[in-house]
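Dropping the structures in below, format is structure tokens.
After this come two complexes, each holding chain A, first together with chain B and then together with chain C.
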Partner chain A sequence: MEVSPVDVKVARNLNTNKNIWNTAKKFKLYYLLILPGFIYFLIFKYIPLFGVIVAFKDISPFQGIKDILTGPWVGLKHFRTFFESYYFWQILGNTLLISLYKFIFSFPAPIILALLMNEISNVKYKKVVQTVSYLPHFISLVVVAGLLTNILSTRGGLLNVIIGLFGAEPIFFLGESQYFRGVLVVSDIWKTVGWGTIIYLAAITGIDPGLYESAKIDGAGRFKQTLHITLPGIASIISIMAIMRMGTILDAGFQQVLTLYSPAVYDVADIIDTYVYRSGIEKMQYSFSTAVGLFKSVIALILVLLSNILAKKMGQEGIW
Partner chain B sequence: MILHESKRGLSVYKKVISLTLVCTMLLIAGCSSKDTSTNTNNDSSKSKVIPKVYVYNNSGAMQSGITSNPAKLESIKKVIVDEIGVEPVIIVPPTDVDGAKQKLNLLLSSGEELDIYWGDWQDYAPKKMITSINDLLSKSGKDVTKNISADFFQGMTDKDKKVWGIPRYTPTVAYPVWIREDWLKKLNITMPKTIDELDKALKTIKASDPAGSGSTITMLADLKSLRYCFAGAFTEYGYSNFKDTDGKIKPAQSAPGYKDFLTKMHDWYAQGLITKEAFTYKTTQNVEYIKQNKVAATALWYSRVSLNHGTLNQNFPEANYQIASLTGTKGKAESVYPASNVGLLFSANSKNQEAAMKLMNWYNSDVEHYIVGWAGVKDTDWKYKDEKNHIFELTNPTSKDYAGELNLGLGLFNEAKAATYDPINIKHSNYLKDDILKLERGKKPFDFGISYDMTAVNTAVPNYADITKMQDEQEIKFITGTRPLSEFDAYLSDLNKAGYDKYIAEISKQYTSLTK
Partner chain C sequence: MKKTKSESVFQVFDVILMFLLSLIFLVPFLTVLSSSFVGEAEISRRGSFILIPEVFDLSGYKVLLGSNSIIYHAYMITLFVTVVGTFLNLLFTSTLAYGLSKRDMPFRNAITIIVFITMLVSGGLIPSFLLVKYIGLYNNVWALIVPGLISVWNMILLRNFFMQIPESLEESAILDGATPIQILIKIIIPLSVPAIATIGLFYAVAHWNDWYDAFIYITDSQKLPVQNIMRNIVIGASIADLGNEGMSDSVKPPTETIKSAVIIISTLPILCVYPFIQKYFVKGIMVGSVKG
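Right after this comes the complex of A and B.
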């Protein structure tokens, strides 16, 4: 008896549905375990997505949900306001450049530190190094900004005192455009490098020690072992971390910039978030702020998709 | 064995279910909103309901960052409750201006209980976040209208004569140049009267380093203060809009002489007379340097010196800042600071608007009530030295028990009437009583008394924020020398690209219609 393709398809679907249901029944305890997390993401991540319509309306924050639902539609007005801003290209450029500098310098730093830490044989010393390198992560950015303001001050700041010992004039690091981005990147590295090593160190411990032994027998030194065993061993982690980093490329460190910048360095430091903070949040123009946030999210999504495709084409692991 | 396995499985099943239920309940508990307090007190008699008025005290009176001893605060509150049966509940803002604004926005958006707060009515009225108070004033605010003159209300009234809040500021001379007179005397320099004399005095001070060890700051300043302190010496109307030869109303940047003002500021900056980091300092840093006896001159908001002079004198009794009234080629250097649209606003969601107006009416019904809010309980925390002239002294001037949370009667209509001999605050009191309303010290704005509709401006110029950003950014660059002054005309042309010409068209239109 011939079975039509439609019947086969229906049977397959029924079979698949039966399989899903059976699987769910079989592993119901595990599904119950993830239920709170699922509810959390549903309530705090997916349901708020509905708020994106604020970007296409003119709402008053005061009116709450009512205004979100019934407020007037303005279409792409807020996006146009943003794109037509005189400073649009400047702030977009600043955002991308600061993110790029952080990616080039800040992203490899924990990898290099993890590789170096991996070479430390003295356990106690290694623990001390790890602890000291993690500590800046726990210092609030506001405190870091205060520390930097003092250290970089032209009036007796430590760095300018050292510069003065060499006979040079004090440098106004936080007020001169040519130095400001450097301050952002260096302070970001200092703050995040230790914490960032955790995941790479964990990945390194997962590499088969037998590979190192074989390499040693073949005459490879520590550097060659790092190059040919350790790095390829953690390449998949590096690739995943890089893709995830792409998703936040338009963030550029809002809090860090906000606490350190001033009008003197707007031309190199004003990023999308600080612009929106001044023009949007302070003036309670939440629709405008949401529109810019949506723009950022769309760009971030595109970058993540492209990075994932690129990673897979290069033979590395993607996120999905 | 099967029975044992199934019993074990059932036990695991029960544990997992319990764990899941507990986690879900914790999640829901964590998500639940805060209990907003009710407006009844907990008195068991329940016959007398004392309404609570929630006040976000972002007036700037609490910038010190400390809060009061709870018992002291309650004792002052009791005075108010006993007199008018209204209890003020103060929400303390963060110390920095940005943080205070952010917290206010969060309070407003989250629907937290909030009755009154300080702000610019033009920011909130178009969004229907505040109510006009004409009815409230006539019903419960008779002393407010009696105490506060119509001039003050100008900045808070729209073109339809709706009053949007209780005013705070009238036009003032709030940007004096304070100079250390004791240091001038030491260097045999008389108090400068002209920009050129100031120039010489600052150079002499810088060369002699009176604070010692190279720590002298010749002049502390910020951009806005430089504009209000000195632009008048170079332009006809100071830092103000003006009517150009083409009949249009234009901002100060387009005024003849404004470039000369920037040139002078640049000269001072290049010579180190304005501190190098002036444009990055926050208020707290400026205040610290003043208190540390390092600053020779200031071009800042008046209270940076007046409020901290007493503290400076505790460690340096000889320190004495005095005002330099300066003139330049175009006359008086200082510009009168116009009445702003900032005042005490009544939230549209307030449940106790009448009680809130009753509270403010109390502050304005007697200067003594203002003093209670400022200094504490009469005869406990302060007493009169001269009751007729409302001159008082603190019982314990160095006490930090009371931080001023209930200082809600702020505004020159009250501040100029009371004064204290308390050494910590006497400089501030005297400035408010004797100086701040002496508008003849400065140049009045061309459009004095005109209040522009900023909603209409923002509609005509959607990217108005770009203009103000460019003005601040580029003028700092001119002053610091990062951008050469030869590019000033290019700067004006860039302003036009940012919408400056549309802004000029809009304010010219409004000026014409408001002055018909």
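Right after this comes the complex of A and C.
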């Protein structure tokens, strides 16, 4: 049953229902090719998607699949428990605050770095700096956590030695609530800033060189060129990145927090995802934690859709 | 156009600033490297940050690289997951991508949408965890491979690449009676080596660095990859599990020396290869940002 190009062209013209099935028949070997991947998505993505029914039941760790399907419904009980609990405002507040801090500090960092890199006239030097700045992107968050515990150690860690030079006592940065979010934001900048420059540097490369030429003739220096040509030239990419980031405001950095936090800093560090992890995987409150996770997923989906609509309104392509 | 004086000053300032910034990216690795050679005695005696130790203490590496150390076993797990996992990722991703690259296939859009939706909505941590548990993958090395078999993003990148290959190249093979799988293997894949290699690198580095899946799905320390063994040692779990029972201090909590040494041992391979593979990653995100 081969599909010849001629068949394909004929199929294009005949679009009745019956013919769709006839064409589909000709493509049966292609469907066979798709099948393994398609089944993967059904099992590993769609079954968990319908698995959120766990949030509306009472599932204990000792029950099986049958109980998930046939167990009695408890309605919104777990959602009510969550909204009424003390933790609701704490973890929602922490999630939004950490996201907001990262938005204020981590988001502009690669833009500034890209502009500074762009000004370097020695191409080779620029390449080396770029490559070095990509390094943190290639290491895992557990390694970052390891590097941080070393550098922040109260026993001869570099940072504490430096502040010791100014006469300060060593600070246990990872264990004190007032410093913890600062550590999150700074290490987030360290890990993402270099890689983040790629998209902005590409946008800068795409700016019409003629604009710079005429600006030079008009007597604009490098600084004025940056201000009046480069920045406006990448303004649209900056705004789309900002909008897309707003869509993920509930992702405060699950893995990062998970590798760095400890009970001593839960008051400022515990976010929705870490709370779901602890109540679900550690305490095995499957139904309750699924409800908390579902609450987050629903709001996150609305935010992503909104940000995409907004991006499209601004004349951008969006993510689809 | 000649540079003005203030611009030359700025250029010098910028070069120095970028140098300092590069140092900030490298310094954490250097401090860990030096503390991996500093013995406990020297830390206690000098009680400060030590860049170059007076005595190079190799005890950290000796404990970690002892003959029965779990590090070797963990490296085997990481290698297995990276090699077998990446192969299966590419197999499943390319077959799906090739099928979905056929413009005239009925239901192609519907299938693409079904796949794409999983990027927007997910069941979340617990339902996925329960699924892995019920199908018997819990505490099984395959739990590090199977649940993440296809990344939608990579699949779409590859599909877009396949769609750029002129259909005329396949026509003669179709007329000769070749099946889609033969065309994929004999024509499409050889034409797509750069794209497939790039996506293979994406998958491979993700497997190599993954600690989260093992953190969620694996409890048996004999089945943990390097990243997780490293994490356990750094957060101060006992190193009795290292299997090095001959060492008298193997029941003590790990020293700063051992913690630093394990970071170096687990990070060194990626530090060595990243300068060579980073350009493919850069290309990959450039392709990704141009929507197809």
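Rule of thumb we're sticking to: the second predicted complex is superposed on the first by the 226 of 320 C-alpha atoms of A that agree within 3 Å, B and C clash if a C-alpha of one lies under 4 Å from a C-alpha of the other, contacts with A are read in each partner's own complex, and residues count from 1 in each chain.
Here is the rule we go by: a contact is a pair of C-beta atoms (placed from the backbone, for glycine too) under 8 Å apart; a residue touches a chain by one contact, two chains touch by 3 or more.
This is a predicted model, so every value here is computed, not measured.
Undergrad: Regarding the shared-chain residue A:Ser153, is it in contact with chain B (first), chain C (second), both, or neither?
TA: both
Undergrad: Please indicate which partner A:Tyr200 is in contact with in the superposed arrangement: first for chain B, second for chain C, both, or neither.
TA: Neither: A:Tyr200 stays clear of chain B and chain C.
Undergrad: If we overlay the two complexes on their shared chain A, which of chain B and chain C does A:Phe56 touch? Say first, second, both or neither.
TA: In the superposed model, A:Phe56 contacts neither chain B nor chain C.
Undergrad: For A:Pro263 in the superposed arrangement: first (chain B), second (chain C), both or neither?
TA: first
Undergrad: After lining up the shared chain so the two structures overlap, which partner does A:Lys283 touch, if you call chain B first and chain C second: first, second, both or neither?
TA: first
Undergrad: With both structures placed on chain A, which of the two partners, chain B or chain C, ends up touching more residues of chain A?
TA: C
Undergrad: Tell me which partner A:Pro36 touches in the superposition: chain B (first), chain C (second), both or neither.
TA: both
Undergrad: After lining up the shared chain so the two structures overlap, which partner does A:Thr81 touch, if you call chain B first and chain C second: first, second, both or neither?
TA: Touch partner of A:Thr81: chain B, not chain C.
Undergrad: Would you check which partner chain A:Phe180 touches, where first means chain B only, second means chain C only, and both and neither mean what they say?
TA: neither
Undergrad: Which residues would you name on chain A as touching chain B in one complex and chain C in the other?
TA: The answer is residues 29, 32-33, 36, 40, 43, 64, 149, 153, 155-156, 281, 286 of chain A.
Undergrad: Please name which positions on chain B make contact with chain A in the complex.
TA: 12-13, 16-17, 19-20, 23-24, 27, 31, 98, 101-102, 105, 108-109, 111, 123-124, 127-129, 215, 217, 223, 275-277, 279-280, 348-349, 462-463, 465-466, 469-470, 472-473, 476-477, 480, 482, 494, 497-499
Undergrad: Which bits of chain A are touching chain C when the two form their complex?
TA: 2-5, 8, 11-12, 20-21, 23-24, 27, 29-34, 36-38, 40-41, 43-52, 54, 64-65, 68, 113, 116-117, 119-122, 125, 128-129, 131-143, 145-151, 153, 155-158, 160-161, 164, 190, 194, 198-199, 202, 216, 221-223, 255, 258-259, 273, 276-277, 280-281, 286, 289-290, 293-294, 296-297, 301, 304-305, 317, 320
Undergrad: Over in the complex, which chain A residues touch chain B? Could you list them?
TA: For chain A paired with chain B, touching residues are 29, 32-33, 35-36, 39-40, 43, 60-64, 81, 84-87, 149, 153-156, 170, 172, 174-177, 262-264, 266-267, 270, 278-279, 281-284, 286.
Undergrad: What residues on chain C touch chain A, complex-wise?
TA: Listed in rising order, the residues are 1, 3-4, 6-7, 10-11, 14-15, 17-19, 21-22, 24-29, 31-32, 35, 43, 46-50, 92-93, 95-96, 98-100, 102, 104-107, 111, 114-116, 118, 120-131, 134, 146-147, 149-150, 155, 167, 171, 174-175, 177-181, 184, 205, 209-212, 215-216, 227-228, 230-231, 234, 256, 259-260, 262-263, 266-267, 270-271, 274-275, 278, 281-282, 285-286, 289, 291.
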